[in-house]
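Next come two complexes built around chain A: one with chain B, the other with chain C.
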Partner chain A sequence: MKATGLLEKQATQSDQVLRIENLHVEYRSGGGIAKAVNGVNLTLHKGEAVGLVGESGAGKTTTALSILNLLPEGTGYITKGDIWFNNESVLKKSETELNKMRGGQIGMVFANPLTSLNPVFTIGHQVAMVLMKHRGIKEKQANETVKQLLEMVGIPGARLNDYPYQLSGGMRQRVGIIAALACSPQLLIADEPTTALDVTIQAQILELMKKLQAEYASSLLMITHNLGIISELCQRVAIMYGGEIVEYGSVREIFTAPKHWYTYGLLHAIPKLTGPRETLEALPGLVANAQNLPAGCKFHERCSHCLEKCKSQIPPMFKITDNHSVACWDVEGQV
Partner chain B sequence: MRNNLLKRLGLTVFVLIGVTLIAFVLMRLGGGDPAVMMAGGMATKEEVQDYRVRMGLDQSYLVQYLTYMNGILHGDLGYSWSYHTSVGEVLSVRLVQTFNLTLFGFFIASIFSMLLGTIAGIRHGSPIDFVALLFAIIGQSMSIVWLGFVLILIFGVQLKWLPTQGLGGLQHMIMPGICLGFGYAAVQTRMMRSGMVDVLKEDYVVATRARGISKSRTYLVYALRNALLPIITNMGNQFGHLLAGVVVVETIFNWPGIGQLLVQAINMRDYQLVQSALLITSILLVLCNLLADILYTVVDPRISFQ
Partner chain C sequence: MSEPLIKIEGLKKYFPVKKGMLHAIDDFSLDIMPMETVGLVGESGCGKSTVGNVLVRLLDATGGHVWFQGQDVVKAKPKELKEIRKKMQMIFQDPYSSLNPRETVGAILSAPYQIHHLASGKELKHKVTELAVSVGLEPYILEKFPHELDGGKRQLTGIARALSLNPKFIICDEPVSALDVSVQAKIINLLISMKQKMGLSYLFISHDLSVVRHISDRVAIMYLGQIVETAPTEVIFGNTLHPYSIALLSAVPQVDSNNKSKRIVLKGDVPSPVNPKPGCRFAPRCWMSDEKCKSETPALVEVGSGHQVACHFWKQSRAQAQRVLNGN
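This part shows the complex of A and B:
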């Protein structure tokens, strides 16, 4: 029984698009240091859809911004680790190379479509700017493509001269999605793309993303706190807590047989529509404070199965099957 | 949009009538007898009375006001007793000078404050940001009178770089222009800075960067436009403050504009000159505010006159 390495094994494979290695990110401001990401390892292969799940403050968005090397300047710092995109280190890229990568090879969809579109530029221009930048074409030519893209997501092409305030939330998010996909990126990062939308619109957007991901054959990193979305879209899922990935594996295995007590708690906090009525099990306590992380397992203070060991030693990733690994001392004896 | 513009212009007519009324009343409440001023200290009572009748001051206030307003409606701004000519003629010459000076001060102050504010906002927390904030505090709290004299003392008297008085070339405009625009530049710098700081925190700035747009282009094209919105409306409001400053600055630098004229006219109890000078200044102010509102709809698509 050895702590491993599912991720290391895959690191040698050639079809990997993204590899995050032992990523550590800190936010420094006003004397305080918040350790937002503490040793994340994650690999994405070509065409694969991976879900990154966790509560607010788990470090999901920070991980996403690190991939683009777009952490807030002067406060966000990558202190350790590296990120490899197409086997090139993102952290060693020049600003020019980064700008080529951002939007061209990696597209990102943001959480809130109401704030992620610039209110004083037309939606057409905000999609066209990606094409102009990465395809080197003029706005007039770009607009033709923008019209097609808009039509593809069910918005009349003539509306490209509309401003964001003239569109509904769902329509705006569709604009955000086509802006991210306009240059057929190899990797699409979706940072809670449906959180700010109505439930009915959420389903539409997810359908759309599923369709487009297949069409564009891009890999997808889906960040969310909604487990339903993961089962809908992803093959693999990484559960994040306190800036660490605590459980990783195929969606099927993790959803049917979660090994980490945090994952278990998350899954049981979802109401079931069938079977007898049960009281919902809410996770006790609050999300680990990044400015004052507990020693040992970050989750131990909220864990109902906490062992003595959990309070002082950080659990390594235990491999349960080829498709499933977990960072929890409780499984030590079972593996 | 046109209807709404017309409605606004219609409303301003009432504002302007109010201005004439206040100016009229204030001059009469101010004390002093224009007839005495005109007749001179040595004049007899009969001579003063004679002047009073000729100037129409023996009539009731209501008749005086209506006579004046009747003239205004016919494009006649009245007669200046101290200049012995029509008010329109006096004002038109002076207005050009004030216009030149104000525009010059407004222009350099706007450019300066937008540059400084933008840089300070982008590099907020840096030494240049500190300088900008310091300038904003000093500029807003400094008296124009004091600044004017200090400028004259340093650049006029000590260094002898710039002329201190009167009209001339561009170099004559530099000191009064700076003096006039100083407080305005301070306010605008502060607003521009905080606007930029706020906008740069917005999601759409990160989203723009995530599309591969370079940092400088994101800041200067996509963020600046948002940060400029409050600055532009404030321009219209601040222009009024500049016009108020003209009175002081023109007096200090002996600049023959409408501000200096107004001070002289008040001293001379030149009723109609004061009334019409205030009316014209008010019209200018109203037009500036209207212009700022129109400009706002151009920069921000969310706002229209509907």
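This part shows the complex of A and C:
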């Protein structure tokens, strides 16, 4: 019934790169407890690109940080569930093993390349550091590789000795991407990699990511609020709301026939570039507050099709087709 | 046809930098009619926000004119400017930094009335409450500080502040880019309904083409301080002629997945606007540039009703774009 069951029969255990099982994450602070992630199940296979969509506060980034075991110490806690990377539990890894995994087997691209690059080191040094640490090669050799990587993403190799502030936003993000890909990781997590960029630069980065993903055969977990990007890059998509995956399956199916009312709302709240200009349907209310989540379906207070049941019982994942499942009581009778 | 509400003529804004002059806006002309929304589109650094700032005189222009109700904003004296700004307001991009963190929403919304001595005491309080409610803020929000509000409510506060003095013209500088999709829709709908209710004109500055298409009557596309193409919304999206506009439109990832990767990817970044060379400014990145483009600056010419393009080869651009797309 749960989303993990999906597609499992088509894929063997061995080409599973990442498996998130019933993940629960809390942030504890003086202000109370924020339940950021509440039972996320997600599987990524080799070479597959999966999108994670949701608005701010939906738990997307928290899920990503949990995979790397990078939750802020002292406030972020994984309270339940487990994360398996190559069939090894990430949560049981030692700090040394984790450091090997981070940047080596799993690369991460962050939203803001200006804050994720260190301003006092040259970009060449920062990318070379990844190679020296994980590949154990000498600086001179690493620099050669960095030059090649820079050229590959369209930055002259001679700019190796530039500092981040000397590069444009698009170039910085390309540096972030090659740093993440330098060690040919099995899994690339991209957290809003183009949000801070211009459209034509975003197009360059998207084309680059498509090319690199195909070349390196990495799996990709693409976190974004931009449904267009998901549609271009990913085969499958998980829609998150209130720390849960509410709808999951093939991109085409979900974008053409969404079953969850939240997904429907999202798709109708975005202005389109083609077709007639219709009034946007704004979702009423606000994104669920992680410190005070409603009982039952997290979305019920904003849902126009709320049933009595929705207010008290959390809907399970209903399977619509082999490639599509949804956590909404409204479809219960239909499946 | 009625007179334009705003007439921008040959506006220039240069910034002196170490190596010379940074041409942020160069020879920028645009009319905005009463009750019209003009979308101003372009990438970061193209000068679109500078246009907004020069229009309300947050920056002084280097040259040119901005005619607003018979007055030249560029030359207005401080006293005149205060009056002009009653009618001309601005909504900023970042609702996190455009509100004073040490003042309550109530105090922020009272300020315009106090500055212009329009209300005080009970009347002020009443006006502010009415204003807040009109944009969909509940009255209890007035007691809150900006940091206690989410992005959507903060932006509503910014909008309420801009609407407080019944302006005629509002410059919206990326008003929804910092917001979530569901909140964004609410703000866009509010801007549209306020325009109809209050008879407003907007200059809607944004990099998001879908949002611009949704809200604008007319669109102007900017590149490196200049307008490269302007036309009524349906025309610019249906019959795009400037090679930059074509590339820009094709760059937007769309939910419609049948259209995968059919795009013209521009090489490189926007070049520096410091001491620009003669010729078309887009030529170094253009996928159809010619020798002529490097030497001769193309003028903005009328190619259809209200449709202006600044390109030597606008007649060929669509056919050539088709070839590039098919070739990929």
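In the analysis below, the second predicted complex is superposed on the first by the 320 of 335 C-alpha atoms of A that agree within 3 Å, B and C clash if a C-alpha of one lies under 4 Å from a C-alpha of the other, contacts with A are read in each partner's own complex, and residues count from 1 in each chain.
Just so we're on the same page, contacts are C-beta pairs under 8 Å (C-beta built on N, C-alpha and C of every residue); 3 or more make two chains touch, one makes a residue touch a chain.
This structure is a prediction, so every number in the text was calculated from the model and none was measured.
> Is the arrangement of chain B and chain C around the shared chain A a clash or a fit after superposition?
Chain B and chain C fit side by side in the superposed model.
> Of the two partner chains, chain B (first) and chain C (second), which one does A:Leu117 touch, if any: first, second, both, or neither?
In the superposition, A:Leu117 touches chain B alone.
> Kindly classify A:Lys60 by the partners it touches after superposition: chain B alone (first), chain C alone (second), both, or neither?
neither
> If you stack the two complexes on chain A, which partner ends up touching A:Lys35: first (chain B), second (chain C), both, or neither?
neither
> Should A:His134 be classified as contacting the first partner (chain B), the second (chain C), both, or neither?
first
> A:Leu273 contacts which: chain B (first), chain C (second), both, neither?
second
> I'd like to know which partner A:His260 touches here: chain B for first, chain C for second, both or neither.
In the superposed model, A:His260 contacts neither chain B nor chain C.
> Using the superposition on chain A described above, determine whether A:Leu283 touches chain B (first), chain C (second), both, or neither.
After superposition on chain A, A:Leu283 lies in contact with chain C alone.
> Please determine whether it is chain B or chain C that touches the greater number of chain A residues.
C
> Nearest CA pair across chain B and chain C in the overlay: distance in Å?
Minimum C-alpha separation, chain B to chain C: 9 Å.
> Which chain A residues lie in the overlap of the chain B contact set and the chain C contact set?
none
> Okay, in this complex, where on chain C does chain A touch?
Answer in residue numbers: 43-44, 150-152, 180-186, 188-189, 207, 209-211, 213-215, 237, 247-257, 260-261, 263, 265-270.
> Okay, in this complex, where on chain A does chain C touch?
My answer: residues 55-56, 154, 168-171, 198-204, 206-207, 210, 225-229, 231-232, 251-252, 255, 265-267, 269-274, 277, 279-283, 286-287.
> Which bits of chain A are touching chain B when the two form their complex?
Interface residues on the chain A side: 65, 68, 70, 74, 95, 99-104, 107-108, 110-112, 115-122, 126, 129-130, 133-134, 163, 165, 176, 179-180.
> Within the complex, which stretch of chain B touches chain A?
Counting only chain B, the residues touching chain A are 125, 202-204, 206-215, 222, 225-226, 229, 299-302.
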